[in-house]
Amino acid sequence: MGVVGFRGYSGAELVRLLTRHPGVEIFLLEHRADAEAETVGPLGRKPHKTIPATPEAIKLEKLDLVFFATPAEVSMDLARGVLETGAKVIDLSGAFRLRDAETHSRWYKQRHTAPDLLAEAAYGLPEFHRDKIRGARLVANPGCYPTAANLAIRPLIDAQVVDRSRGIICDAKSGVSGAGRKASLKTSFCEVAGNFSAYGILDHRHVPEVLQNSGLGERELTFTAHLLPIERGILETIYIRTQGVEKAVDLLAIYEDFYAEEPFIRLYAPGKVPDLRAIEYTNYCDIGFVFDAESQRAIVVVAEDNLVKGAAGQAVQNMNLLLGYPETEALL
Amino acid sequence: MGVVGFRGYSGAELVRLLTRHPGVEIFLLEHRADAEAETVGPLGRKPHKTIPATPEAIKLEKLDLVFFATPAEVSMDLARGVLETGAKVIDLSGAFRLRDAETHSRWYKQRHTAPDLLAEAAYGLPEFHRDKIRGARLVANPGCYPTAANLAIRPLIDAQVVDRSRGIICDAKSGVSGAGRKASLKTSFCEVAGNFSAYGILDHRHVPEVLQNSGLGERELTFTAHLLPIERGILETIYIRTQGVEKAVDLLAIYEDFYAEEPFIRLYAPGKVPDLRAIEYTNYCDIGFVFDAESQRAIVVVAEDNLVKGAAGQAVQNMNLLLGYPETEALL
Amino acid sequence: MGVVGFRGYSGAELVRLLTRHPGVEIFLLEHRADAEAETVGPLGRKPHKTIPATPEAIKLEKLDLVFFATPAEVSMDLARGVLETGAKVIDLSGAFRLRDAETHSRWYKQRHTAPDLLAEAAYGLPEFHRDKIRGARLVANPGCYPTAANLAIRPLIDAQVVDRSRGIICDAKSGVSGAGRKASLKTSFCEVAGNFSAYGILDHRHVPEVLQNSGLGERELTFTAHLLPIERGILETIYIRTQGVEKAVDLLAIYEDFYAEEPFIRLYAPGKVPDLRAIEYTNYCDIGFVFDAESQRAIVVVAEDNLVKGAAGQAVQNMNLLLGYPETEALL
Amino acid sequence: MGVVGFRGYSGAELVRLLTRHPGVEIFLLEHRADAEAETVGPLGRKPHKTIPATPEAIKLEKLDLVFFATPAEVSMDLARGVLETGAKVIDLSGAFRLRDAETHSRWYKQRHTAPDLLAEAAYGLPEFHRDKIRGARLVANPGCYPTAANLAIRPLIDAQVVDRSRGIICDAKSGVSGAGRKASLKTSFCEVAGNFSAYGILDHRHVPEVLQNSGLGERELTFTAHLLPIERGILETIYIRTQGVEKAVDLLAIYEDFYAEEPFIRLYAPGKVPDLRAIEYTNYCDIGFVFDAESQRAIVVVAEDNLVKGAAGQAVQNMNLLLGYPETEALL
C-alpha cells in the first residue's frame, strides 16, 4: 500500500493512521524530484520504505492500492499510470470528485487532463455510496467541507422536510491544515494567529460537490468558508427552513433512520450540538441541531476533523471497503 | 472620572484607553469587599488612585462621570446612587439597554431592580443616537454582538432593500474576552484552545438589542453565537436577501450615505471583506460584502474589536460626547 | 481495569489510550459525590461502565488494576483500601513518588497520610526501574517534568562526564494541561493565550523527584518551570558542563548505550534537537544536544508529551509491565 | 519622516506608533520594484503618502529622518545614499550594530558592504548610550534578544557581583514576529501552533551584540533561542552565579541605582517576575529575579515586547532623542 504526497498534512495523517492498521505495509512514494534528501528526525527510525512514485516501482513492489495526497494536477497526471499497474487508487484531491469535466474546469479553473476517468470514479462517501465504492478501482475521496455538509443536509432533503424555496445557508469554519502545507503568507503564523476571516464567499470550489451529492440546485445553497486560527477541525452551522416538522424529535428520527447502522456518525439530543473537541483526532462526524417548530427554523451544527473524516480517515475507511477489511479498522 | 470593575477585561481596556486621553484623571472605584489587597506588578507604578465605589467617595472626589464595567446586577444596584451625586453614568453591562423591564427579565432571566431608569437611558450607539447621548445622564453602552449587527443591518433596512419575509441570518463569532474574566471551566485554556463551538442558538440575550435598534421582528432574525479560540475580536457573517438592488455598488452607496461622516465606520469595495486583523485594538467597525444580483443574495461581513468598539472604546466615544471632547479623542 | 479521575486531562488521556488496548475492559470509577449526572455528548455512546470508586465495587467487578488520576490527597486516601482488594495501583499523582514522608511534606506542603506505603511503592520510570515495577503492587507514576529531566540527565551522570561542581540548569517549559482541569484564573484562556511565564523558580515540587532519580544534590540542580500557551507538551533545555568529553559523538554514544533497547527513547544526531511536534500524542521521549568541546558545554534538549510519556502513556507502559502485556501495547 | 519596509511586522508597528506622535508626518518609502500595487483594506483611508525609497524622493520631501525596517543587505545598500541627503537614519536591521566588519561577516555570514559607516553608528540602546545617540546621524537599533539580555545583565556586571568564571546562561524565548514577515514553512501556522522549539543554540547572530554591550567574553555567555507559538513578546530566563551578595534586596538596589531615571525599565520585588502580558504592546522592559543567597544563584527574568522595546518602540525612542522630542512621546 503506497502514499504519494506523504509530506503534506493529509499524507502524514494517512501514514499515522495506517501505522495502526494491522493489515497493511506502508510504502512512501516519492513524486518530487526536488525532495529534500534528509529530514530532521530521530536516528534509526525509518519504519517505511521510500520508492519512486512510478508505475514500475509500484509494480515491482506489487502494491494493491495507492493513495494520492497530492494537488489535483498531480493526481490527474499520475492516475492512469498507477491504475494500469492493477493497483487501486484513492485520490484525496479534487481531481475526480465531479462527474463532468466542464464542471471541474469551471470551479477548479483548470482543464481536466483525464476526463475519461471521471465516469468510473466512485465518490468516496461511504454513508452514501458504500456499494459503489466496494466495486471501484478509482475512489475520489470527498472534500473536507462537503463531507460535513452532505452528511448534515441530505437526510433532510431525502425526507422532504426542507423548504427549498427558502434556500439553505452553510456557514463553514475550518482549521488551517485544510489549506495544505505549502508556505504562503496567508497561512503564516502571524497572519492567522488571533485572526479569523471569511473567504470563498459564493465561489468556493467545494460547492459543486455539495450540490452533486445533496440534490440541491446552485441557487438553493449559500456557502461561506472561514479560516479558524487552529490546526484542525471543521464546524459548519447550517440554516434550514423546514416544512411540516412538528417536533424536534421528528427531525432527530430522520437522522437516526438514515444513519442507523453507521459507525462514524454520532447524533445529539435536540438542543445539543457538537464542538470541535468532540471529534478532533477521530473519524467521527457529529451532528446536532436546535429546532424552533413555530418558525420551522432548524440550525444544524456538524463537526468533523478535517484531516480525519474530512480526508485521511475517510480515505482509510474507503481502503477498508476496497480491500475487504472491517470498515472501522485503524479508525476507532 | 471613575471606573468600577477595573479588573475585568472591559474595565482594564477602559483604563488603557483613558490613559491616553489628555482630558481625564482616572480613579479606580473598588466595589468588592473581598478584593485582593495586592497585585503582582512592577514596583512604584501606581498611576491611578483607588477609592471605594460609594456615592460619598464619588462626591468627595467630584467625579463628573463613572463607568460601570460590572455585571448587570451590580450596575442596577449602583446606578441610582451614583447618578444622585450628579455624576453621569456609562454602563457597559446589559442592565439599561432594553427599553422595558419585561423584555429585560425575559432575556436576562432576572428581575430589573431599577426599572424607572430604563426610560431615560440613552442607547450608546453614537452612529444611531448621537444627539440623545449628548443630552443624557445615563448611557447604556451597547453589547458587543449588537454593535456589529446593528451597524451592518440597519442601513439596508432603512433603505428598504431587504426582503424581510426571507429573514436575516447573523452567524456571529467572538473571542473569549467577551465572556468576562471570571474563572470557569468553559473558558479555561485547555477547553478553548484548538476548539470552536456554537452557543446561544436562537436564545442569546443580545438578540433583543438587535431587534430594538434595527427594527426587525423576532422571527425575522436568526442569531447564532460562536466562541473563537482567540482573546479579542468579533466577526459576523450576515445573510440577507435583498430586493430591487441592481448592482453591488448600489448597496455600497447605501452604506456610504448612511455613514458619510462617521469616523469609526470603514467600508470595503464590493467583493472585499474585513478580517479581525483589520480592526484589532482599534475602535473601527469594518463592513464589507459580496453580492449576487441574480439571486439578490448579499453576504455582509462585519468586524470589530469586542473590547474596543464592542465595549470600552465605544464607552470612551460616548464619554467624549457626554463631556464635550472631540468624539475621536484617545481612540485613533 | 479502572480509572479514578477520568474527567481530568490525564484521566481522559488514559481512557483514550486504553480504548486501543486489546487486553483490557475499562471501568470509570466515580469518586466525587457531586459529579454532574449527565455529560453533553453524542447519544447512545456509552462504551464504559461507571461504578463507585469503593473497595466494594472494585471487588465486585474483580478489577485487577486501578489507575488514580487524582490529586495527591485523594490518592493517599484511596490507596490502602484499593490495594486491600487485591488490585494493583498505578498512581499518577505525587503521593507516592518520594521515598520518605518528610521530603514529601516539605515539597508538597501537606502531611503524608499513608507513609507506610512509600517504602513499597515502585517509581514508575521503566527505563530506570523496570524490574522493580514488574514485581510491585503500587506504582508511583513519575511527574511530567522529572520524566524528561531524569531521562536526559542520568545517563551522563552515570557515565561520570558531568562536572557537577558547575551545577546543572534545567529550563523547563510545559503546556497548560499539566496544571490539571480545575477552573482557575491562572489557567483561563485570556490569561494564558499569547502569554508566557516562569513559575516555581527554585521551588518546584518536582525538584526532589529529579534529585532522587538522577543522583544530583539539591544545590547541583537549578530548575525553572514555564507555562507555554499550548495544551500539551514539555520541552526542557538543560545546560551541562561536561568533563573529559572529546567529541559530540562520544556523548551520543553514552545515550545510545544507556537506551540501546528502549522502545520509547529516541536520539538525534549531534547538533539536532527535537521540538514538541516530534512527540505530541506519542509516548516517545526525544533527546538531542549541541556540544562545544572546547568549552565542554552541552546543551541537551529533551521533549515529551506531558499527557502521554509524562502521565497516561507512561502509566499504560507501567500497566503493561505489571500485567504482563508487551510493553508497547496501545502505545505505538 | 520616512519608513522603508513598512509592510513588515516591525515597519507596520513603527507606522502604528508614529501615528500617535503629534510631531511627525509619515511617508511610506517603497523600495521594492515588485510591490503589490493594491492592498486589501477599507476604502478611502490612505493617511500616509507613499514615495520611492530614493535619495531624490527623500530630498524632495525634505525628510529629516528615515527608518530602515529592512533586511541587513538592504540597509547596507541604502544607508549611504540616504545619509547624503542630510536625513538621519535609524536602522532596525543588524547591519550597523557590530563595531567591526569581520565580526559582522562571521555571525551574519555575509560581507559588510558599508564598513566605513560602522565606526560612526551609535548603538541605539538609550539606557546605555543616550548621549552618543543624541549626536549621531546613524543609529543602529538593537536586536530584540540583546535589548532584553543587556538590560538584565549589564547592571550586575558593572556592579561586579557576577562570578564570571561560572558563566551566564540566557535561555531566551520569542514570539514568531521576530522572524519577519516572509512566508516560510518554518513560520507557517500549522508548523508553529501548538509547537515549541529551540534554535540558534551557541550560534545565534544576536550573541555578539550581547557580548559587545555587556562586557562578557564569548565563552562566558551561553545563549539559546526558542520559538514561542505566539505573535509577540520575548522572555529571557537568565542564570547567574553572583559573588558577595548578601540579600535579595541588595541585588534589587543595584538595578534601582542603574535605572533610577529610566522611564521604560520596570523592576519587581525580589521573588516576583514579569510575564509577557505585563509588557505586550508597551515599550517597557520588565526585570524581576529570584535569589538564593546560600548558593549565590540569581535567576533573572526579563520581558519585553519584541516589536516595541525590541524594535519599533525603541526606534521611536531613538528618534525622540535624535530630533529633540520628549523621550517618551508616543510611547506611553
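Order of writing sets the chain letters: A, B, C and D. Residues in each chain are counted from 1.
Quick note on the criterion: a contact is a pair of C-beta atoms (placed from the backbone, for glycine too) under 8 Å apart; a residue touches a chain by one contact, two chains touch by 3 or more.
If you're wondering where the values come from, they're calculated on a predicted model, not measured in any experiment.
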Result of counting contacting C-beta pairs for A-D and B-D, higher pair: A-D
Farthest chain relative to chain D (centres taken as mean CA coordinates): A
Averaged-CA centre spacing for the pair chain D and chain C, given as whole angstrom: 39
Chain A and chain D, separation of their C-alpha mean positions in angstrom: 46
Between chain D and chain B, distance of the C-alpha-averaged centres to the nearest whole Å: 37
Interface hub residues of chain B, defined as touching at least two other chains: 191, 193-194, 229-231
Residue ranges of chain C in contact with chain A within the complex: 19-20, 40-45, 194, 266-269, 272, 274, 278, 281, 284, 286, 332
Residue ranges of chain C in contact with chain D within the complex: 166, 169, 171, 173, 191, 193-198, 201-202, 219, 222, 224, 226, 228-233, 235, 237, 239, 273, 275-277, 280, 290, 292, 294-295, 297, 299, 301
Parts of chain A lying in touch with chain D, wherever the complex brings them together: 9, 176-177, 181, 183-185, 187-194, 229-231
